[in-house]
Amino acid sequence: MAKLGHNQYGKAENRVVRVFRDSDPHEIVDYNVSVALWGGQEAAHLEGDNSPTLPTDSQKNTVYSYAKEAGDAVRQPESFGIALARHFVADIEPVTHARVKFEMYPWTRGNNPHAFVRDGRFVRTATITYDGTTTWVVSGVKALSILKTSDSEYHSFLQDKYTTLKPTRDRVVATSLTAQWWHTSEDVDWGKSHETAVQAIIDTYGNHYSLAHQQTLFEVGAAVLNGQPQIAEFRITAPNLHHFDYDLARFGVENNNEVFHADDRPYGLQECTVQRDDAPDPGLAFDPGQGW
Amino acid sequence: MAKLGHNQYGKAENRVVRVFRDSDPHEIVDYNVSVALWGGQEAAHLEGDNSPTLPTDSQKNTVYSYAKEAGDAVRQPESFGIALARHFVADIEPVTHARVKFEMYPWTRGNNPHAFVRDGRFVRTATITYDGTTTWVVSGVKALSILKTSDSEYHSFLQDKYTTLKPTRDRVVATSLTAQWWHTSEDVDWGKSHETAVQAIIDTYGNHYSLAHQQTLFEVGAAVLNGQPQIAEFRITAPNLHHFDYDLARFGVENNNEVFHADDRPYGLQECTVQRDDAPDPGLAFDPGQGW
Amino acid sequence: MAKLGHNQYGKAENRVVRVFRDSDPHEIVDYNVSVALWGGQEAAHLEGDNSPTLPTDSQKNTVYSYAKEAGDAVRQPESFGIALARHFVADIEPVTHARVKFEMYPWTRGNNPHAFVRDGRFVRTATITYDGTTTWVVSGVKALSILKTSDSEYHSFLQDKYTTLKPTRDRVVATSLTAQWWHTSEDVDWGKSHETAVQAIIDTYGNHYSLAHQQTLFEVGAAVLNGQPQIAEFRITAPNLHHFDYDLARFGVENNNEVFHADDRPYGLQECTVQRDDAPDPGLAFDPGQGW
Amino acid sequence: MAKLGHNQYGKAENRVVRVFRDSDPHEIVDYNVSVALWGGQEAAHLEGDNSPTLPTDSQKNTVYSYAKEAGDAVRQPESFGIALARHFVADIEPVTHARVKFEMYPWTRGNNPHAFVRDGRFVRTATITYDGTTTWVVSGVKALSILKTSDSEYHSFLQDKYTTLKPTRDRVVATSLTAQWWHTSEDVDWGKSHETAVQAIIDTYGNHYSLAHQQTLFEVGAAVLNGQPQIAEFRITAPNLHHFDYDLARFGVENNNEVFHADDRPYGLQECTVQRDDAPDPGLAFDPGQGW
């Protein structure tokens, strides 16, 4: 009566640090790598027959070994992920699809060739999916926090019986955003591309004179697409982290948009997709763990 | 050149506690409610025109007000969510779709009619989606941790050049699982249904003699479907939280499968879908933030 | 010019799970064990001379090996900790003091002899400190959440120019508390003692008709001392997790102390010590990481 | 039989953001402020008499109002904390002691005068304690992560029967450190002082050729004291976040100290105090929630 639908398995959160000692100064990459494989797992689910299953322990060994074997490809999550995803599908017979997801933690060099300080401004992400024919490469960022003290309005909105919000012509807006963008080419300098995209996000969010958070997010996406022709689609999830004016008039103190309570929850949550006009269907490109 | 794709907006993580004082003893529900709406938001994204946008602040007010207005429906997240989702689509003109997601924190009664102790065994979840015609109701659970000290084997698996894992006939298995299941009817006693499903998960995971974690998860799903005819599809994400035998022989101490290191990362991650043979397409039912 | 003051070192967060397979049904304990040692570490700090230093790796090995070697003492964190702390001071020459801290995660048996479900109601804690002469044993609990829907007043408080709080004769009170209590004897059934203390906390917090959160906390401490003559001192840290009445009158809806917003931050924080009249000085007993 | 020992109460985690709009470009500070008061609370604990108790709600109002009233003092946590602590003791009669603790989240300016990006390299901390006579000012840092790819040895350590660690002449060392330092003067440029201390920590940790993690930490403390005559005592808690060489020889791949598994738990934990030779007793200066 019960049948098996979509299934996948893998080793999640392999914490690989690679040191490049042949560089002077040394270089490092710091990754959290999650592998998911699918294909041919009916026997494992229905009969407990593991013969078509590559142990997740072997997948872990592969990730760490490829951190050396894949050479310079390891320096960027996108190229490291392409090498891993293709290996799993090409070399492990029952595997039809592989998805490799990365969190990358940036470090900045300290004051000597061997010391690094973790740069916590954001986490870089990448999701690489391969089905034996197509390779989808998605880059991204998460936990990038931006705050604006001005240039943001919010008014003229729909009113219902539960609407008590006062319109405003000048508010503080803050977010801690997550975004993913899909490349339709692999002929990309991944490091430079990521830097360009993040800078476009920061600049556009900061510079946009905003009438709606939605409008700012669309502009952010358009700027990322504008800057790089191989990016076909951009998805963003951006909480509106409320900063409420604290009422100081009760104590005889003037608060001219200066003192705020930064509230944790609830928060507004705007999410949108921006696509190139002629963008193809993204297929399996995006990591669905995005919220919608 | 850039066009708008899927977009949604809402107020996330409204922390509503409702006390039912007309009961003796008192009853409470403790919810974290997230609302997402979509429909008619082009002007907001492209022109900063908020006239089609219901402020997320109004959505928050609605959630708290419905926590009283919706009466007995508030006692279960599924019925509370149905009331909210239908309101947003029916009463707010540009809204075509609403999705309301719940985390529910169970509390058990203490030793008097007015005191409760939080029961941290799991978080109950629910996702209700409405498009003006169809209402999809999905129940779920997360952070449910189960550990088995026996009745689990793992061997006869595929071998590649990276395989170093030793086969085992008796291992400790542990998980902290997330699951969602979709009801094709609303004629359901939601509280009883949830209790039945969770008990089926715990019993089946605990009692199944396992040859593969995948096999156990399929059996868990089949048991949930078996117990309730209106459940058409079940999805589960279950980390295999590794407990490694600690090598005590080095110190002249025997370790007969008794002393383990509970490792944090990496972990195996098995995910699968179990469907009733004749299950219809789930459409928008499932919260995609599930990992695949 | 710079001199060395207090210093300590150790291996923190050893995640030991021990299965007792000679019981039928099986039993398990699930611990997070942190070791800190001090004594004789001047050369290590001033000259990088490691000869007086027991590697933290060896301390880790010791914890896992004692999880078997210490036999039945392993079943309770207090007795396991006494064995470990005394070993480090007695057997490792430069060590003058050892402190061993435990988090213990309770599991309840499922429906068969080999399956367990994690009981998330609280984390049990223990801190054992030994200086070669005295052994201090402290038991505790953290993340124990209690909520009362009635029997709590708050009024007649001090007023200053910043006071805007309205007095109340009936409020919801909730906490997620941390407590530690010090035993002046080791002739204790640790499991039963812990259960008795936690029950006293839950019962007293729940049953006390409260005029002040401080008053409730003192009563809780007094009840714990009252129930067990060997407990000399009790310390508690209890946030007052605010549940604010949501103003529904704006929507024409009556809210008779029924619908609340559970706020995250800020929160009230009450902390107090309750001592037996004739309590000796606690010396090194308490884990100072308590907040004051 | 039960008597009251040390007790304190306050409003914790007030999330205050202050915008200085009279600057061009704008400036902001982002604080998490926790207040604890003690003095005269016997009646509250023993009788539920709140007449000597300043509601924590009033304390919250005070923090937000002082974020404007205290003027330029608000720009640095140390001066803001001094103003708050002295107010509570001087102006609220039963209060004998006040401790005000800060987390400060640094933001860096984006590409325009009104936009900021959160700089996640560390959290700045401050603890100010006042007893009516003495003001103790402690600055600090937490979650500052540093990694060294070379210049670190560990060998010649004490051996016991549980010692299996191999000595090494070249290892990766990483930490995420917490430190506090006590100023014996208030005639300090707090912003510059903090920057100088953090730079001394980063530079010394990075440049020190290390024979022991303990030795590095002492050098770090000595460097902080050396750079600023008013700092009398420095306390540091520094996990040794293990990076284990991954054994790739099993797959025929050479790993010359290049590919590491960054393990989460357990971790080494070194903690030490470095004092100026003639340092006075620190009294109540340090926040005890430091781990020892």
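Per-chain residue numbering starts at 1, and chain names A, B, C and D are given in the order in which the chains are listed.
Basically, contacts are C-beta pairs under 8 Å (C-beta built on N, C-alpha and C of every residue); 3 or more make two chains touch, one makes a residue touch a chain.
Bear in mind the structure is a predicted one, so any value in this text is a computation, not a measurement.
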Most widely separated chain from chain A, with each centre as the mean of CA atoms: C
Pair with more cross-chain C-beta pairs in contact, given B-D and A-D: A-D
Interchain centroid distance [CA atoms averaged], chain B/chain D, Å: 38
Centre distance in Å when chain C and chain D are each reduced to the mean of their C-alpha atoms: 23
Averaged-CA centre spacing for the pair chain D and chain A, given as whole angstrom: 30
Contacts with two or more other chains, residues of chain A listed in rising order: 14-15, 61, 65, 162, 164, 250-251, 264-265
Footprint of chain A on chain C - complex, ascending: 161-162, 164, 250-251, 264-265
Touching residues (chain side chain A, partner chain B) in the complex: 1-15, 32, 34, 36, 41, 44-62, 65, 91-92, 94, 154-160, 162-165, 210-212, 214-215, 217-218, 221-222, 225-226, 233, 235, 239-240, 265-277, 288-292
List of chain D residues in touch with chain A within their complex: 14-21, 26, 28, 30, 61, 64-65, 67-69, 107, 110-112, 114-122, 143-151, 172, 176, 202-203, 205-207, 243, 246, 248, 250-251, 253-264
